[in-house]
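Below are structures written as C-alpha cells.
Okay, so subunit A shows up in both of these, paired with subunit B first and subunit C after.
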Partner chain A sequence: MNGSLANAVRSDWFGPLLVTIVAVAIVGGFNPSFLSPLNIQVLLLAIAVNGLIAFSQMLIIAIGQMNLSVGAIGGLCAIVFAGMMDAWHVPASLAALSALSLGVICGVINGFLIARTGISAFVITLASLSVYKGINLGITHAQPFYNISDGVKSIGQGAIFGIIPWLMLPTMAVGLALWFMLNRQPIGRFILAVGGNQHAAELSGISIANTVVIVHALSGFLAALAGLLLVARLQMGQPTIGDDWLILSFAAPVIGGAVLAGGHVSVPATLLGVVIVAIITQALVLFDIDPFLVQVVLGAMILAAVGANRFRESRLSRNLKRL
Partner chain B sequence: MSYSDVPAKGPSGDIVGKPRRNATETRFYLTNEFGLIALIVIFALAFKFTTEGFFSAFNLFTLGRIAAVNIMIGLAMMVVVITGGLNLAVGAIGVCAAMTCGYLIEVVGLPWPLAILSAVALGALLGFINGWTSVRTGLHSFIITLATMSIFFGVMIFLTRAESYRALPPVFAAFGRLKLLGLFSPLLLVSLLAALLLGYLYNLTAVGREMLTAGAKPEAAEMSGINVGRIFIYCHMLSGALAACAALMLVARNGAAIPSMAGQLGQDWLLIAFLGPVLGGTLLAGGKASVLGTCLGAFLVTMLTSGLLLLQLGDFWIQSFLGLLLLAAVLMDKTRRTFLARRNMA
Partner chain C sequence: MASEIAFQALGIEKSFPGVKALKGVSLTLKTHSIHALLGENGAGKSTLIKIITGVHHPDAGRLILEGQEVHFGSPREAIAHRVGVVHQERNLIPRFSVAENIHLEQLGASLLKPVDYADLNKQAARWLEALGLDIDPRTPVSRLSVAKMQLVEIAKALSLRSRVLLLDEPTASLTSSETDLLFSFLRKLRDQGASLLFVSHKLEEAQELCDSVTVLRDGSNACESRPMEGLGRQDIVRLMIGRAEGEGGWRERNSTGAPPAIELKNIETSLGHVDVNLHVRKGEIVGLYGLVGAGRTELAKCILGQFPLTAGTVEIDGKPVKIRSVGEAIHTHRVGYVSEDRKGEGLVLMHSVLSNAGIAVWRPLSALLGFLTDRLVRHKVTPYIEKLEVKTPSLAQTVANLSGGNQQKISVAKWLAAGVKILLVDEPSVGIDIKTKAYLHDLLRELADNGTAILLITSDMPEMILLADRILVMNDYRLQGQLINDGSYAGMSEGIMNLIHRSEAA
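Presenting the complex of A and B:
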C-alpha cells in the first residue's frame, strides 16, 4: 500500500474528514437546500463560534486537564464587552480589548490555582465556573445588554462574497496559530510533553507550573473571543451566553481524536469535529427532527467518539506489538 | 513517636497516655466534622444577630426542607466519588426519575408508592448504564457521565416536550408541607435515614468495605479477590438511586415534577453535589467517605445561602459566593492535610 496514503488513513483527521464528506453528501442529497449559500453561511457562523469554544477546551485537554469554566469565562467576557458599550459608551475596540484581557485574567486565575495548589483542575474550574457565572449574574441581573455599537453589529452580519461570514476570519487565524504553536513552537511541544508524561517533562527541564498557567490563559482568551463573536452574531450581550458550551467543548476535540489523558490533540481534526457537530445539528433542523434531540445526538457522538478512539488505540498498540 | 517531647512539658506524670490523648485531641479538632460543626454554630449565631427571623419557626422549617434535598444530592455524588470517579449526570438522572414518577401517576395511573419505587429503580438503572459503560470501556467516568448527562436529559425533554406534571396526588405536597413539632420537615428525616443507611453500609457491611477498598487502590483490591468492576457499577447504581430520591424530595417540595428543576442538563445540581462531599472531607481521589461530613457540609452551605438571602446582599451574587466557598474549602483541606502529614498524624 502507498505509504503516504497509509499515513493519512492512520492520522487523526482522516476519520472525521470521511464522516464530514459522507454527512455532507447524505444531507445534501436528501435536501438540496442544505448546500444553498444562505445555509452554508449559517453553518459557517456556527462553526466560527463553536470552533473557538472547542479550541479553548482542546488546549486544556492537551495537558490532560479539563476546564469546566470555558462557558462561564466566555459568558462573563461577552457581557463585559456588551456592557461597556451599552452602559459606558466605550468604543468597541477598547471594549473588546478589555474583555479579551479579562478572559486571559480568568484563565490565569484558574491556571495559577491549579498549578500552585495541586488540586485537581476539575474542582478548581467547577468553583471558578460558579464564581464567574455569579459575577455575570451580579452585573446583569439576568438582563441582556442591547445597545452595542453598529460596527460590531455589521461585522456580525457581514460576509465575504456573501457566503463566508467575517466572523470566520478570527477562528481560521486562531486555528492556524494553534497548529503552528503546537507543531512548530517550543511552547507547543512543552504543552504536549506535559500532557503526555508530566514527570518526564519536568525531568527534562520544562516548568510544569508555567506551562499550566500559559495554557489556561490561552484557553481563557479563546473562550473570551468566542463570547465576543457570539455578541456580534446575536447583536446583543445575553447573560445566558456560555451556558450550553460544556458538552460541545468536549464533543469536538474528542471526535477529533484527542486523548483525554493528555499529550495528543489535533487542530484540524478538532475543527472537523466542530464541522460534524454543526452539520448534524443543522440536519436535524432541515429534516424537521425535534430540536430537543440535539442533546441526545451530541451525547451519543461523544460516547461513539471515545469508543472509536479506544478501539483505534488498542489496535495501534497491537500492531506495535506485532512489529 | 518522634515528637514525644510534648508530654514532658505536661503537668502530670502520665507520659505514655498523654501524648496519645493530645494527638487524638488535636486530631479531633482538625477533623472536617469538628470544623464544620464549629462553622455552623458560628454562622448560626452571626445570622441570629444580623438578620431578622433566622431562628423563626418558618425559616427553620424552610431551611430544613432545602437542606434535606441538598444533603441527598451531596450523598448521591459522594457514593461515586469514593470510587475515584464522579457522576456529572446526578441532575439529569434526578430529573428523569422525577418526570417518570409524574408520568406513571398522571398518565399510567399507577398508585403513588409504586410510582416512587419505579422512579428510584429507574435512577438505579441509569446509574447502572453509567457504571457499566465506564467499567467496560475503561474510560474515566467524567467523559462517560458528561455524555450520558446530555443523553438522559435530551431524551427526557424530548419525551415530556418540556411540560411539567402538576396534577400529582395531594400526598406529595402534603408530605412536603408537613411540619413535625412545628419545626422540622419530614424530608430531613428521609435524608438522615439515607445517611444512616450509608453509614451502616460503609462501616458494617462487606460490600461497603469493598467499595472503600476498591476506591482506595483498585489494583490491590482486585488482587485480594474483589470484583472491582462490579463494585464500581454498584456505586454508580447507588448514586443514581440517591439522585432519584433527591429529585422526588424536590417534587414533594414543589408539589410538581418540573423538567427544569435542576437547570439545563441538570447542571445546577453539580456545584451543590460537590460542595457537600468536598467540605465534608471526602477524598476526590477515592477511598474515603465521610457521610456525616457530607451531611454537615450540605447543611452549612444551605444555611449560608439562606442567611445571605435574609441579609439581602443581592441574590445574584450567591452563586459567586458558593464558588468561593468551594475554593476556600479545598484550599483549607489542602492546608490541613499538609499540616497532618508534617506532624505524622495522618
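Presenting the complex of A and C:
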C-alpha cells in the first residue's frame, strides 16, 4: 500500500466515508426514489440541522466533557426566536440575534459553573438542561408560536438549484470555520490540548477556565443556531424542539472517531457521521419500518462506533510498540 | 564569570490538608550555576518547585527574582517571567506534533491568529538539533519513546529561553548516553549564564553535574545553598535522612533445595513475550531486571491472568494450571501482585485503610458466612497493619491522605492478609523514603524466609542487588539470561548491563 493511501485508511473520515458510499449504494439500489431530487433535499435539510447539533456536542467532547443541555439550549433559543416574532413582532434579524446571544449566555453559564465549581460537566449540564427546559415550558405553556416572519419561512423552504436547501449554508460555513479553528488557530489547539492532557495544558500556561467557558459558549451558540434553523424548517416555534437531540449529538461525533476522553475530534468525520445517521433514518422511512426503531438503530450505532474506535486505538498502540 | 543571585526563595511555607509540606524553606540560585535540590520523597522538593513555578501559592515566604519580589498567580505568570520547568510528570499533548508541544506556550499571544506551522517546525528543529535529537518536528508525540518524550519536554523548557530553569528528575527515563548528552547541554547553558535547578534521586548525577546544593528533609532545610565541593556521598545521605545510611545489606539466602512454587515453561503471551522460562522456589527472591518497556510488568500481568498466554505452561506447586482471571490467581492459586502503579492500580485512594487492606479477603470471608461485616475484616487485617507499622490515625482514614510509604505498606498488607504463597512485587519502592524502603526490604526478606516465593521487579539496581537471590534480565519481552547474586554492586551491575547490551548488539 502506498503512503498516502495508508494515511487515508488510517484517517478518521475514511471509515465513515466508506459506510456512507455503501449505504447510499444499497439504499439507492433497493429504492431508486431515495436518490430523487426531493428526497435528497429532505436528506440535506436533516443534515443541515443535525450537523450543527453534532458540532455543538463535538466541541465539548474535544475538551473531554459532555453537554447534556444541547437540546434544552437549542429549544429555548428556538422558541425565543419564534416568540419574539410572534408576540412582539420583532424583526426576524433582531430576534435571531437575540436568540443566538441567549445561546451564548446559556453556554457561558454552563462553562462558568463547571470551571468555577469544579463539579463535573455531566452534573452541571444535567441541572441546566432541566432549568432551560423549564424556562421554555414556562414561556410557551407547551403551545407553539405560529406567527413567524415570512422571510424566515421562505428561507426555510428555499433551495439553491431546487436541491440544496438554503439552510445548508450556515452549516457548511460553521463546519469550515470549526475545521479552521481546531486545526489552525491557537484557541482551537488550546481546546484540543486541554482535552488531550489538561494538566500539561495548564502547565504550558493555557487557562483551563477560559478554555472551558469559551468552548461552552461556542457550543451554546451552535445549539441556538440549530434551533433557529429548525424554526425555519418547521415554519413555527415548537416547544418540543431539542427534546430528541441528545443521542444524535453524541452519535455523530463518535461515529466520526471522536475520543470521548477528549483531545481528538474531526469535523469532516463528524459531518459524515451526521450523513450516515440521516441516511439510515431515511432508509427506515422509505422501507416502511417502524420509526421507533430509529432509536434502537442509533443506540446500536453508537456502540458499534465506540467499539470500532477502541479497536483502532489498540491496534495503533500495538503497532507503535513494535517500532 | 561573575556569579550573581538570580533567584531566591525565602522562608517558604506551605500546608496541604493534614500535612505541613514546607516549614520555612529557603533557596538561593545564582547565575552561571547548576544547583542540586536533594531530599527523600516527601521532603518537599516537588512542592517547592511547584511554588516557584506558580502551580501552588505559598502560605508564607517570599520569592525574589533578580532583586524584585514576585508573586506568580499561575504557571503562565511564571513563564512570562522566564522561569521554566521540566516537571516530573509527563506534560505533553499526545496527539500534537513535537513542534507544537515545544511551542505551546508561545501560541497564546493571540487566540485567533492562525498558527504558522512551517515556522513552528523550523524553530522546533533548532531546539531539537541543539539537544542532538534526530526527530522530525512534525511527528506526533505519542509515537515517541518515553526517553525521547523526556527530551522533548526539555526542549520545550529551553525554548522559553528561561533565565531560571528547573529540572525535576529529568534523567529518570534516560539511558546513560542520553544523560551525558543532556548534561553537556546543561553545562553549556550554565556557561552562557543560565541558572539551573536540578532535582534527582541519583546522587552520583547530582555530584557530577552540580556546583551547589540544597538538601530538604521533612519540609525544612537540612542545608541551604552550600557549595557541592567537599561534600561526599555519605555526607549528603546523612543530610537527607538525618543519619548515616542504614546497614540492612544483602545477605546470602539458600533456597536451592526448596521445590519451585511457580514455574513458567516456554511462555508466549498476547503482549509479545517470547520463550519465557523461569521458576521461583519457595522462599526464594528472584529479581527480574530490565529497562523501562522491557516487558516485566506485562509478564506479571500475564501470570496473573489479566492478559492471555498464547503458548507454554504455568506450573504452580509442580502442577500445570490455567489462570483465567485475576480473581482465580488470587483465590485459587494464592498469587498476589503489588502494583508499580500504587495510586492507579494498587489502591482505591478514596476508600478507607480498612477496605483497601481488606479488599483481597472479602471473597473468602464472605464465602464463609455469606455476608461481610467490618468487624470480621478488621479482625483479619489489623495484625498486618500493626505488623507493618502503618502510620494512620484510624482504619477509617482515607488512603489518599496517607504518605506514599504508608500507602505502599497497605498495598503489601493486603496480600499478607490474603495469605498469598507467591507474591509478584513490581517497583516496591517508587516514591517512598529511604527509611520505609529499608523496612520494606526487611519485610520482603522475612516473607521469603517464611516460605513465600517472591518475584521482584525493580528498575532500581541497588535495590535489586540488595534483595534478590537470583537476577533474571529481560529485554524486549525476552529473558536474556540469569545471574546468581553475590551481593557485590560493581560486579552484578556490570553483569546485568552486559546481558542487556548483548541483546541490543545482536
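Here, the second predicted complex is superposed on the first by the 323 of 323 C-alpha atoms of A that agree within 3 Å, B and C clash if a C-alpha of one lies under 4 Å from a C-alpha of the other, contacts with A are read in each partner's own complex, and residues count from 1 in each chain.
Everything that follows uses one rule, which is that a residue touches a chain if its C-beta (ideal position, glycine included) is under 8 Å from a C-beta of that chain, and two chains touch if they have at least 3 such contacts.
Treat the numbers as computed from the prediction; the structure is a model and nothing was measured.
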*Does the superposition put A:200 against subunit B (first), subunit C (second), both, or neither?*
second
*With the two structures laid over each other on chain A, which partner does A:88 touch: subunit B (first), subunit C (second), both, or neither?*
neither
*Would you mind checking which one, subunit B or subunit C, touches more residues on subunit A?*
B
*Can A:113 be said to touch subunit B (first), subunit C (second), both, or neither?*
first
*Report for A:161: first if it touches subunit B alone, second if subunit C alone, otherwise both or neither.*
neither
*In their complex, what parts of subunit C are in touch with subunit A?*
53, 55, 74-76, 79-80, 85, 87, 89-96, 100, 104-105, 107-115, 142-143, 156, 272
*Could you pull out which subunit B residues touch subunit A in their complex?*
86, 133, 137-140, 142-144, 146-151, 153-155, 157-158, 161-162, 264-265, 267, 270-271, 274, 278, 284, 314, 316-324, 326-327, 330-331, 334
*Residues of subunit A touching subunit C in the complex*: 180, 184-187, 189-190, 192-193, 196-197, 199-207, 263-264, 320-323
*Can you list the subunit A residues touching subunit B in their complex?*
66, 113, 117-120, 122-124, 126-135, 137-138, 141-142, 243-244, 246-247, 250, 254, 260, 290, 292-300, 302-303, 306-307, 310
